[in-house]
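Structures given as structure tokens follow.
Two complexes are shown next, each including subunit A; its partner changes from subunit B in the first to subunit C in the second.
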Partner chain A sequence: MSPSRVAWRPLTEDETRAVFEKLANYVGKNLVHIINPSGASSKEDVEDDEDTAPLLRLQKDKVFLLNTSINNLATSVARPNLISLGQCLGKFTKSGKFKLGIGSLDVLARWARYKVWVKPNGELPFLYGNHVVKAHLGRITEDTPEHQGVVVLSMSDIPLGFGVSARSTVDTRKLDPTGLVVFHQADVGEYLRDEDTLF
Partner chain B sequence: MVLPTEEEKEREATEGQDAQVVYGRIRDIVRILGDFRRFKAANRSRADYTQQLIADISSYYGYTPFLAEKLFSMFSPDEAVAFFDANETPRPVTIRANTLKTRRRDLAQALINRGVSLEPIGKWTKVGLQIFDSNVPVGATPEYLAGHYMLQSPSSFLPVMALDPQPNERVLDMASAPGGKTSYMSALMQNTGVVFANDANAARTKSLSANVHRLGCKNVVVCTHDGRQFPKVIGGFDRVLLDAPCSGTGVVSKDQSVKVNKTERDFALLSHLQKQLILCAIDSINTKSATGGFVVYSTCSVTVDEDEGVVDYALKKRPNVKLVDTGLEFGVEGFTNIGGKQFHKDMHLTRRFYPHVHNMEGFFVSKLQVLPRSVLKNKLQQAEEKEENDERLEEDDNEAGADVTFNDDEDKALMESEYFTLTRNCLTKTQKTNAANKKLEVSSHSNLKPSNLFFRLLLYIRDFT
Partner chain C sequence: MSSTIDASQILAEHSKKYKPTQISREIPIENDLNLLTAFDTNAINADELKSNRENYVKELSRDSVQNLINDLFNQPITKTLDGPLAKLPEESVYQLPREKPLPKPKALTKWQKFANEKGISHKKKDRMVFDEDEQKWVPRWGYNGINKKEENQWLHELKEGQDEDHNPASAIKGARKERSLKNVKQQLKNEGITKSIQEKQKAEAAAKRAERAQHKQELEKSLHRSKISTASLGKFDKKLSGEPTLKGQKRKFNPVTNTSDEHKSNREILDKVATGAGKLNKSTGSGSKDLVNTRRAINSTKKSKK
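Right after this comes the complex of A and B.
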């Protein structure tokens, strides 16, 4: 039986892999920058900036990304009283699958390989939880393949959420205006809509 | 203008009042009280007018008589009416640009493009914008959802500006929901160090953590302990912000229910809680902090017993704490005495903000510096030296002789008694030492030489702390 997910603890091997796989879907090789932001290449380097080394921690199903010093201080807080800390990347479902949450947008937007920009008239429909249609598509990374994790931005480069590409860049050109380009996964509107269940 | 007679008052009570008449009467009485000698009726005293004015204010503005009197007594009559008037009009909508994600100029431009008319709040803040008019809901624009700004009243910028958190510090926000101040602190610290955002109400931590994540604050730990659990949960903070739960008499324009639902007992309970919390806040400080050691106590209430009263209590209870300048460039000085109450002489360093003066919510901000215990010890030594000097001087006056012996059991009772706290209070105010001695003299233990007893208490305190 797998360890309880209620506890405040480091992730198990399997859980870590599940989280990395999801992240890699968006950021690809850049994943290394998330795990090792200082660019440390040797073990000594890692030990040097022990305080800022990022960690993954699990609390009540949710996965948090935080640095070591915050983690050490937060151990003083009793588990039932600890609500959140650092960045919330997402949560494990009851069946053990990992689902990226809107809290991971900062990380994804910084390192994502494939991006989609929506026109101003498409911002609100996306923020209300709808998929992105061709008519709202402003720009798209040149070589985006099909079913690839993409970050959705406004034309002024504000990250609005993320999703999965429905077509490759080449195929979107042939699409009619109502055809779907990006399947919605998460958007910043959730901070308002799902405030109660988010964290 | 003539005050209504008893019969007229009764008729008003049964038949209901004409608001216009009452308001006219309020204005008249204020004018009369302004130049009392000239305008008063021959057979009327100032108390008669004041009483009628308070009754009229309570009926016209809809406050309970108790609260009307409480608030009225803090101001001059015309200022009081201006205060009550200002509580009837809503304050302007303001936002704070989140410097973690954007700059104020960029944000202003983005919002102007969406049809929002806005302007910087004032020279005193670099992150505040005032909204005049908007075609879109300001709380649901893509910029808002992406965390570029927070809807936040200007009064809640002030305690954070006073706290002035520095990068890489450990900071505590004791009552933090919904997170406006927390996220401002995090922004000032540029996402370094750590901010503990606590709120006793678990339900309110939902919106707190949603806001914290939306605004991209990565150095925040959200927890839900009773504030009084600190520093048992974790201490050693460089700075602590205590924006205490309060009656909300400063935010009447936002929440009118305060007018009627706060009784005398509520005020007593609240200030009791505030006193407990401020001591916990002070005790959570790392007194050896290289950069900090500050506590900011603020409330959105204007009543004295929730503001100066609480700070005064903390100063008396913790001799190693002193008031320092808040660093805010405007605001009214706090009261050093009011209504027969005397507060600490440095209380003028605290700042009050009023709706009718500053066009923001009523607010109180004070900044306390928590000094290391060694400073306290120095103070103790000074007190001792002064004590010895006094003793020498007094020796001539005193009846000499009385045998002085000490019995630990006896002393224990004394130390736990009021003299103990009394004496502690004296430590910060050595000039009051003599008065304290006199009190000790008249006590039942008058066979003990007071100054020696005082000396022993000092030693006890030193060992104890």
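Right after this comes the complex of A and C.
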């Protein structure tokens, strides 16, 4: 039986691993910068980064990233009344898998290893929840492998969402214009489309 | 006319007033005089118990007590100033079984084992012994003890072949000390052996206790499971009076505010994820590590063969 995910609480070890692995799929080794910005090793107990290092918290299946001071302030709010706090990274499914949500875009866009830029005519189709096709592809990171988490940006470097690469960079060159390049996972259009359930 | 006495009437009156002293039952009542208890194993009349419970139980118990008192008067009786005293048997007929097994006998020391085998019993040695040479009583050991008689001689004979600087007094004393040390050594060794045996016994007992505790826990678990295995998950089942309520398993999570521990564990998990040790979902992606996607390569060769 999986542990209850209703109450506002820290993540268990397995849950933390699930979140980290999902994030690592997009940011790779940059995960360190997100979780442990001061670069303190796990062996030593560093006092300095206590206030700056982010924490992961769970509330009704949703995972939030927030810093320690906000977390401490939050203790004065009753758990049933607390709805959202910090940055919503995503949520756990009923079967215990973790899914990244659009709230994690800020973090991902900053530290992503692989990026895809879409042409202006491809921005809207992507923001409506469609996959990215070859015709809309403006630019792509050189060595992107297949089935790799990628962040989708507009040509002016504004992050639009993220997804999973359908082909490696080499394979995309041979692709016809209607072939899929990136599978859609989340886009900023969700802020409007899923306003009620997002947070 | 001389009036005749109706004996039957008197007898009836008497029996009304005094109940019979001789009790006869299908199964004779058993008395345990040591515990001053009577056991009536006859079947109870269910109808009478229902209709006239108090009197029926009173009757039954009176009979048993009467039988017990009859038996008391059969015991050897001595007359004292306070009245007659009956001597009760030493042992009771009914022995209650022990709750726990008999304690194991203590492990014997090496000497005790040897002494038991040879039938040597402990004999207390007198502290004083008679010295034939001096014709007086001297202590066995200690100040002026007879064990120091030889080394305390005022004159020692130097035997042939011994060195000139050989000191017979100190040699004798050294030998005595050595014997004493050897004895202490043996004593310690024996104690060690018995101690190890005792420790082994203790460990065995502890293991047995742990096993029993585990068995009990498993039993409780299966009982719990069976209780919540009905259609209503045990909600509408008949409860026995005094049945303990089922306690659910409590999950414990880390505290919300103790962040330093959390940072530490986060860093540890980060290290694990970075090294890829014990990855949760191994099937995600092939890309960065392998240059060749083996799954796809196998599939494509299969297709091309067809």
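Just so it is clear, the second predicted complex is superposed on the first by the 189 of 199 C-alpha atoms of A that agree within 3 Å, B and C clash if a C-alpha of one lies under 4 Å from a C-alpha of the other, contacts with A are read in each partner's own complex, and residues count from 1 in each chain.
As a working rule, contacts are C-beta pairs under 8 Å (C-beta built on N, C-alpha and C of every residue); 3 or more make two chains touch, one makes a residue touch a chain.
Small disclaimer: the values here were computed from a predicted structure and weren't measured.
Participant: After the subunit A overlay, clash or fit between subunit B and subunit C?
Facilitator: Overlaying the two complexes on subunit A (C-alpha atoms) leaves subunit C and subunit B fitting together cleanly.
Participant: One more residue to check, A:Phe20. First (subunit B), second (subunit C), both or neither?
Facilitator: Second partner only.
Participant: After superposition on the shared chain, which partner residues are touched by A:Ala53: those of subunit B (first), subunit C (second), both, or neither?
Facilitator: A:Ala53 contacts subunit C only, not subunit B.
Participant: Taking the superposition on A as described, I'd like to know which of subunit B and subunit C A:Leu175 touches: first, second, both or neither.
Facilitator: A:Leu175: touches no partner chain.
Participant: Rounding to a multiple of 10°, what is the angle at subunit A's Cα centre between the Cα centres of subunit B and subunit C in the superposition?
Facilitator: About 100 degrees, rounded to the nearest 10.
Participant: Of the two partner chains, subunit B (first) and subunit C (second), which one does A:Leu192 touch, if any: first, second, both, or neither?
Facilitator: A:Leu192: touches subunit B, not subunit C.
Participant: May I ask you to decide whether A:Ala135 touches subunit B, subunit C, both, or neither, giving the answer as first, second, both or neither?
Facilitator: In the superposition, A:Ala135 touches no partner, neither subunit B nor subunit C.
Participant: Rounded to the nearest angstrom, what is the minimum C-alpha distance from subunit B to subunit C in the superposition?
Facilitator: Nearest C-alpha pair, subunit B versus subunit C: 16 Å apart.
Participant: For subunit A, give the residues common to its interface with subunit B and its interface with subunit C.
Facilitator: Residues 74, which sit in both footprints.
Participant: Which stretch or stretches of subunit C touch subunit A in the complex?
Facilitator: For subunit C paired with subunit A, touching residues are 251, 253-257, 259-260, 262-274, 279-281, 284-288, 293.
Participant: Once bound in the complex, which stretches of subunit A touch subunit B?
Facilitator: For this pair, the touching residues of subunit A are 66, 69-70, 73-74, 76-78, 81-88, 102-103, 106, 123-124, 127, 154, 156, 158-160, 187-189, 191-192, 195-196, 198-199.
Participant: What residues of subunit B sit close enough to touch subunit A in their complex?
Facilitator: 110, 139-140, 142-143, 145-148, 170, 194, 196, 202, 205-214, 216, 218-225, 233-234
Participant: Quick one: which bits of subunit A touch subunit C in the complex? Just the residue numbers, please.
Facilitator: 3-4, 7-10, 12-14, 16-18, 20-21, 24-25, 28-29, 31-32, 35-36, 40-42, 45, 47, 49-50, 53, 55-57, 68, 71-72, 74-75, 145-148, 168
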